[in-house]
Amino acid sequence: MKSATEYLTFNTSEREEFVCITGEVAALVERSGIQEGFCLVSAMHITAAVYVNDLEYGLIEDIKEWLRGLAPTKDYRHHRTGEDNGEAHLKNLILHHQVVLPITSGRLDLGPWQQVFYAEFDGRRRKRVVVKAIGE
Amino acid sequence: MKSATEYLTFNTSEREEFVCITGEVAALVERSGIQEGFCLVSAMHITAAVYVNDLEYGLIEDIKEWLRGLAPTKDYRHHRTGEDNGEAHLKNLILHHQVVLPITSGRLDLGPWQQVFYAEFDGRRRKRVVVKAIGE
Amino acid sequence: MKSATEYLTFNTSEREEFVCITGEVAALVERSGIQEGFCLVSAMHITAAVYVNDLEYGLIEDIKEWLRGLAPTKDYRHHRTGEDNGEAHLKNLILHHQVVLPITSGRLDLGPWQQVFYAEFDGRRRKRVVVKAIGE
């Protein structure tokens, strides 16, 4: 079995910002030399998500607006700790913090429109994603 | 390490249709000869999901109605591209596009009521799911 | 390739109860001897979830209240079968029933605030989670 692990670092200029990371993930898979396996892409934070969907900027704004409706800014119990990011935790839970991608014949085995995104909900500071491939 | 990869093809007669695929996934696991490992079941599209829950037809209708409430049909920014399926993208995000299932002693290690579903939100055309098992 | 599989059993005193299981999962990873790999943590039921987020009790109450809003108690079609837990199925779908965690240098490779939770939505009876690690 082979494995490869890398960490992507983000420091977004906006509090909420989505970044397409398909290229970085595909490059790691290529460097790993793994022909058949899985690649895990997982946010290491509790206020950021990783998801797979379309690289279409209108849709990305639709997703942000939709999440604001499902997880509104309000006075959460969590804010008694001094935090102000309750809604960012809930958005993380809706989108999920990780995806597992198939590697087939040495490449990410995604559909034609599938792109991997890092979704930041409490940015403007250094945050990380772990990308880990295993296989042979 | 062993691996096995197959693609399931769907062309649903309804725009929105849920299909139980536990049997197909279990058959691939058996053919793979893998005794201990993981099986990834992942939609290759951005308007379809894969999830695990109950094979109970009332509940399936409950899930469809619930998703219509959380991701209503409306005039999304995404529709400026000519698409009309914004809500299908959001439903994909709620249910998630993939699951990873354990393989133990050569079989899918699911609970007694757990079934694997393909959830189509923009059907009536050919779409695919990748099923990939790795292990030994 | 190595693998290790264990089952955690829960019998919560409340119908809805969240349990932090990071310690149990980390202990299995250590016992497995796996240095590089993945660890799947998956509820074996359709009315319980597994998720990763913060061990902060105010936030946990926020999550429960938020889920009650998104998946309210009501007269679901599913209840015609004699069940009364329709909302528990929907909460399972939002949070998702499983996570895949990276194992790096023999340890769970989580961020500093990431904790693994079992989220019970229809408890007061014996239920199980499968924890399975593969790698080398």
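In order of appearance the chains are A, B and C, and numbering begins at 1 in each one.
What we mean here is this: contacts are C-beta pairs under 8 Å (C-beta built on N, C-alpha and C of every residue); 3 or more make two chains touch, one makes a residue touch a chain.
Here the structure is a predicted model, which is why all the values come from computation and not from measurement.
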| request: Note the rotational component of the Cα superposition from chain A to chain B, reported as an angle of 0 to 180 degrees in steps of 5. | output: 120
| request: Give a one-word verdict, same or different, on whether chain B and chain C use largely identical residue numbers at their interface, taking over half shared as same. | output: different
| Between chain C and chain B, distance of the C-alpha-averaged centres to the nearest whole Å | 20
| said: Quick check on chain B: which residues sit in contact with 2+ other chains? | reply: 1, 38, 70, 94, 96, 100, 134
| query | What does chain A use to touch chain C in their complex? | reply | 1, 3, 5, 38, 40, 42-46, 70-71, 76-81, 86, 89-90, 92-94, 96-98, 100, 128, 130, 132, 134
| task | Note which residues of chain A are touching chain B in the complex, please. | result | 1, 36-38, 51-54, 56, 58-59, 61-63, 66, 70, 94-96, 99-102, 104, 109-111, 113-114, 134-136
